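Read through the structures below before going on.
Next, two complexes with chain A in common: one pairs it with chain B, the other with chain C.
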Partner chain A sequence: MTALPQTTEKKLGLVIDLDICVGCHACVVNCKEWNTSNYGAPLSDIDPYGAEPMGTFLNRVHSYEVKSEGCNAQTVHFPKSCLHCDDAPCVTVCPTGASYKRAEDGIVLVNEDNCIGCGLCAWACPYGARELDQMEGVMKKCTLCVDRIYNENIPEIDRLPACVRTCPAGARHFGDFADPDSNVSRLSAERGGMELMPEQGTKPVNRYLPPRPKSDVTAENKIDLLAPYLAPMDEADSAKGFLGWLDKALEKI
Partner chain B sequence: MPPYDQPALDTSPEVSDEIRKTTCYMCACRCGINVHMKNGKVKYIEGNRDHPVNRGVLCAKGSAGIMQHYAPSRLKAPMKRVGERGSGEFEEISWDEALDIAVSWLKPLREQSPEKMAFFTGRDQSQSMTGWWAQAYGTPNHAAHGGFCSVNMAAAGIYTMGGSFWEFGAPDWERTRLFMLFGVAEDHDSNPIKIGLSKLKETGAKIIGVNPIRSGYNAIADEWVGITPGTDGLFVLALIHELLKAGKVDLDYLIRYTNAPFLVIEDANSPENGLFLRDENDKPLVLDRATGKPVAFDTPGIKPDLAGSYRHGGATHRPVFQLLAEKYLSDEHTPEAVAEQCGVPAEQIRRIAAELAHVAFEEEIVIERPWTDWKGEKHERMIGRPVSFHAMRGISAHSNGFQTCRALHILQILLGSVEVPGGFRFKPPYPKPATAHPKPHAGYAPGQPLDGPHLGYPQGPEDLLLDENGNAKRIDKAFTWETPLSAHGLMHMVISNAHAGTPYKIDTLFMYMANMSWNSSMNTSKVIEMLKDKDENGEYVIPRIIYSDAYSSEMVAFADLILPDTTYLERHDCISMFDRPICEAEAMADSIRWPVVEPDRDVRPFQSVLIDIGYRLGLPGMVNEDGSPTFKDYADYIQMHERRPGVGPLAGFRGPDGKGEGRGEPNPNQIEAYKANGSFWIGHIPEEAQFFKPWNAAYQDWAVARGLYDKPQPYVFQLYVEPMQKFRLAAEGHGDHQPPEHLREQVRSTMDPLPIWWPPVEETIVDTKEFPYHALTQRPMAMYHSWGTQNAWLRQIHGANPLFVSGEICDEHGFTDGDWARVSSAHGSITVPVSRMDALNGKTMWTWNAIGKRSGAWALKEDASEATRGFLLNHIIHELLPPKGDGMRWTNSDPITGQAAWFDLRVKIENVGKKPDGISLPHTPPETSPVGVGPDTLEYGKDFS
Partner chain C sequence: MHPAPSVIVFTSLSGLGFGLMFWMGFGVPDVFGWTAFWMYFVAYALAVGGLIASTLHLGNPQRAIKAFSQWRTSWLSREGVAAVLTLLVVAAYAIELIFFQSRYPLLGWIGSLLAIATVFTTSKIYNQLKTVPRWNLPLTPLLFLTYALAGGALLAGQVLTAAVLLLVLTGLQMVAWQMGDKAFANAGHSIETATGLGHLGKVRQLENAHSSPNYLMKEMVYVVARKHAQKLRAIALVTLGLLPAAILLFLPFNHALALVAVASHLIGVFTARWLFFAEAEHVVGLYYDKR
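Then we have the complex of A and B:
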């Protein structure tokens, strides 16, 4: 077992907006690209050109269909990476102290020098957010790009996790949840940011913004609020019908 | 228990040695990228924040560029075929030998019959250069891939309003309040649409997605219209019906900026029936409400009438708008009449029409910005209608696609929402009407250049490319009565026509970056046979094939000579104003690529090779008087070529001081200037010129000053396309240019100058009871065409393509997890894995495009998922329609433009249960990989740590 810090000064994490995520995988690949040549061991790919390629990714997008009574089926794209939990079971389960949560910002990291690749943390994580790299034999996980967000070799505007920096739809936001006035705290408050599986008691830091309701018309859902607006032009007004209306309308121009 | 103990961490590691800024080519989007270099290798690619296209973001494809650049499938050296075609057996040769072979084939051909060389390019971003080369060579047989992509969209837009979506224009994302997206679930264009959708979510604008498939962009739309494939035109015309019925159209806009008031000759017996009534200067006439008299449409100070009519020469002539209203107010266009066919409830159609009207007219935008129109009238403000649209292949790749795209443009125009605040706006060099484009040319002679540009916009039957016997002049039969307005050519017909020897045989087929033996052709298995077919003398029916590609694509194995191209990070390119550049609605912009990495193989950039071959052939414009080459390479051409005096491929940094915008002498330091500026140039349009561009005097003057054109060319939108009526008159027997009898009815019925809808042609021939379902493809956001499928990272996202089958069909046929299906069209069958999807039109199934691969291609292992489970729908789509019993075989294309009707496909499905071998059918036998096979493992980035 490894201890968690009593408190963390900041709670850095992500807000992921499921109302705007189009499922494009930009975050997935840019994350792979950054992290394979930065913090720790590379993210390897086994059989990359063969039958069942299997690589290490720190972030993946899953797509689900949502079906409910009276509505058309919907597609929801769901990006998933480490949620940097306050009560991170992946840390407390670690037998070597390799898994740890940073006191200053709450980022959960793996110190690869101490990782023995036992995989206990991956078993402990209820979100499936850790992947054991098959070639390096060490546990890999989202670092919140700890090597970008403070990096003085990177322009200040770009000191963001790679996934946030690259997201074309603006569906990912990075900030400090310990600060109630931060962008992420406000977004989460305004839009009903959700914890993932709160019943697990892990106190995840990341929040998901739920998709807004859809206004599809289905057999059960026949909203017609604007129908009066599209009433036919008043033909009674003119014996000439459409041309009469047209003539009058042109006079007004 | 280890105590809480935190290791020291370097949070400011060096990222890279250098950042090189260039342009992405992982799809057609052309985003700006920062390529981070470390130890001479590419370490990381990110979006360029300053770039107008992507503003810093980058999609999955762009981020996977490293895997593309270092892919094991890269060709390594020129090759000549040593085995049979299709075997993949090649011998590497030197460039000298390769160029000697190419010249030994092309030179005598040019001197005897240049038309026997057919030069077609695929996803070519250098079309203004490859077209120029083909013109100099003198063959009439040149085009790029538009004919099998989206020519319906492009041509309908240009004929109607001087531009279309995507590269031609974009919604005013900042101001629009209601956005409708048609026929695009995932792709074109990539990052700008995602950035735009994000903006709409931020401003609270409503998004309506019209698509049979609710994935990607449609998944986040506020409202989904799960329309039945091929019925978009019907749906749009019903919206128009509702708007007209309620009088919710922008009459002021229509009389000012469109041909709505043009008087149409209505005299059934006249050879000019349906043409515009014109004055002695050939100007169309409108009725002036003030005087009731007909006057030239562009007379300043008049108030054109829409409601009146004009009695002249024994006939009554009415304005276009009355013909339009009469047509679309008819009962066949009511929501009730189309609801079932469209698969969209009538009340939803009606409500969407109401929302369009409400937003356009009740949420009007006013920008207090004075401007002056083309007639000199001053306007105090700019009035906007904040509804906008975007559409792509989903609606255009049907045999009714041209008229459907026209209908959509007409809807936009009736709402007064084009080139106004909040609406859809053009990007320079658009707006540019059909009349400002060239006409097509095919005048060839031995040893001579062609008599003009290959492609263009016919204005009447006299512009068709037919010989004195009425035969097609082009191998693809573009610009014939069969497909009169085939503005992008018909690349998808080239191989089958060349194989059949109609209209004539060709000798050498020269192609670039087009996977025509695989995912870019219909009827793939048969096309492979055609490429391999031999005549009675044992010679190939298509005698010679030269192919250039950077990768070992499926097409490589069928070529005789391979000219290996570089990757996109190893080459110069220009995204030129002559093509469709990277402009914004408020700016003119173009960009370059440059070799941020030097090739480590014996490969050369294709365009430089083309210039070299041109020099060796002595082509005009490529050899100096002293016999020396005019251009050293493509980079030299990009900087020094002038199309007109002072106007060249790149618009920025022209002239000796590098300050010229659009115009200026060639600047030998131009590419360096682009590099220093992030590989792009941008020139902003002044505020008063940013809207109403076709009619805005300030815009017209600004565009002329920058060489977009040489004199102001204001024009009005063509609700009614008069050139189409000219074709129809010919079909009715008028004029010297007459269609052959068997095409008379087709031309008469399809070339309606006001959009009409007809059912997708395939379903009028096949028994729709036997083939009750629709089958489609779409491109995933993380994969594009065939370029990326072998990419080690992206294939972990899209390495196989199940057939997604609607819940309704699954229930009917008892499909459960792991079942396979035999899907049959009138043409053939495939056996493929099934995946259930409920967020899908009930009568539809679909799969990802171009994921299926031939075993042995792309340096994949033989058992790669793309080559086992993966499949192409192409096998069951024929380039010809099933026989109709008239003794003819009609092409599976739009009868107006020839666009490949990929999405007309009708199928039936059978549940074949489990398939233990896991191999989809048909299974093409493996080829020998000319580049070997990729490695067993990858640890990219290990070198950098």
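Then we have the complex of A and C:
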């Protein structure tokens, strides 16, 4: 039944550190690699070597520029996958019961044998976390690598979602938000972990850590070691010696 | 949102079909035998044809039967259940009218209520989505119901009722467009709330997350042909309501003219329904810096 559980024992989810993410897309690639050959139907690619290659991905990395008046612009790389919402609107709209949220750990999953591919859950998700596979006609979404995290056939160090395991910058963390002492709960509390689009009322589990404040090299009273070397030469200097002669000679050509 | 032909055909035609069933359940018009047969033939062709069209956009239509199971939580499932119940109850009522030349009013009323309830469930599929502020207005169900009642009355040959309802519908559609145009801004969504980066300044997309469009962009970030929206709105208002109402009110009633009125109304409904989807802005577009 597509009713949401009242509470979940655990709240497994991700912390994504926007201060650290370098936008390398390794999480996107490893997510695709693991999930195309494990849980459910493969993640198909349409016209992969053609003019407009399209494919199903469970994780995407957007890149934004943030700029406020009088400050330097900054780049923020922004990975986005299912947030495993407590009040997941994608689950309750499902007409077949294919979409469900697990009472034991809060993971939102799709039972592909029941999915008719109507796409309504993707419409209900504000985050674009669900993509309909064009070959299989079933809805695909992040499983939080449910087939890795409990998998006793792989070394313990690998029992993490593929995106977390592979992130070379350490920008992704996996844990239980129901436990206030877990790594993710503490990180989120320390760094002001935020919800995406809280006004949608979806109560997402995943948290995003905002970029730390940047120091501003252009501000006054800052010591800038390179400035003297980069200052332009004045007219008098440039007119002397070999360089001065070269300057004049080149001007005449 | 992507205006998929299957969904436009489904919501337009089945709305009209169930609208016609609504009126006929009350004995409007009071017909038996062959006349009743042909009218119910039209109603079923529209309702069932629309429902079949709706299965064309499914990825796995062979499993569609499973969509009847989640009526406790899902409006889409409720719609399926309501539609089938309506078709069964109305069929029993229609068989009596056609073959036994008699009417069992209670069955007719139940059929009418079910028919209108089905249209309501259709409207709720769209209306429930907080992700599409234009649809998430209380006016959406009212609009769908008025479409069904007005179109149904027109097909049922109720000259005055249809004319009045068509004019009401025209006004309601205008108000819905005006309110819908402000809905996204009123809901308070922006690229800053979507990314949570608003406290750092103004956010814009620096680079695409992927080099060519994906399912999300094709399905939910449909921005093509919106530039003609105002012209299409004007065409829709004239064809769906003003022209048919004028034909009904000012010209002598005959079947040829009624057919023109119905055809005009259909063009208007399709145009307005195309706009209903094409103009609907999904909040996921914010992540792509597009609306």
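Methods note: the second predicted complex is superposed on the first by the 217 of 253 C-alpha atoms of A that agree within 3 Å, B and C clash if a C-alpha of one lies under 4 Å from a C-alpha of the other, contacts with A are read in each partner's own complex, and residues count from 1 in each chain.
The criterion applied here is as follows: a residue touches a chain if its C-beta (ideal position, glycine included) is under 8 Å from a C-beta of that chain, and two chains touch if they have at least 3 such contacts.
Model, not experiment: these values are computed from the prediction.
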Touched partner set for A:E65, first chain B, second chain C, both or neither: both
Partner with the higher number of touched chain A residues, chain C or chain B: B
First (chain B), second (chain C), both or neither touched by A:T75: both
Contacts of A:A3 with chain B and chain C, given as first, second, both or neither: both
Contacts of A:P211 with chain B and chain C, given as first, second, both or neither: both
Chain B versus chain C as contact partner of A:R165, first or second or both or neither: first
Contacts of A:N111 with chain B and chain C, given as first, second, both or neither: first
Touching both chain B and chain C, residues of chain A: 1-3, 52-55, 57, 63, 65, 67, 73-76, 94, 96-97, 136, 211
For the chain A and chain C complex, residues of the former touching the latter: 1-3, 18, 52-57, 60-69, 71, 73-76, 78, 80, 89, 92-98, 114-120, 122-128, 131-134, 136-139, 194-201, 208, 210-211
Complex interface listing, chain C residues touching chain A: 1, 57-61, 63-64, 66-70, 72-77, 80, 125, 128-132, 187-189, 191, 193-197, 199-216, 219-220, 282-284, 287-288
Residues of chain A that touch chain B when the two form their complex: 1-5, 17, 19-26, 28-30, 32-34, 36-38, 40-55, 57, 63, 65, 67, 72-77, 94, 96-97, 100, 102-103, 109, 111, 113, 135-136, 146-147, 149-154, 157-158, 162, 165-171, 211-212, 214-219, 222-227, 229-233, 242-243, 245-247, 249-250, 253
Chain A-touching residues of chain B, taken from the complex the two chains share: 1-7, 9-15, 38, 43-47, 49, 54, 56-64, 66, 72, 186, 190-191, 194-195, 197-198, 201-202, 206, 214-224, 226, 242-248, 251-252, 255, 289, 303, 305-307, 321-322, 325, 329, 345, 347-348, 350-351, 353-355, 357-358, 362, 781-782, 790, 792-797, 799, 807, 837-840, 859-861, 863-865, 868, 933-942, 944-945
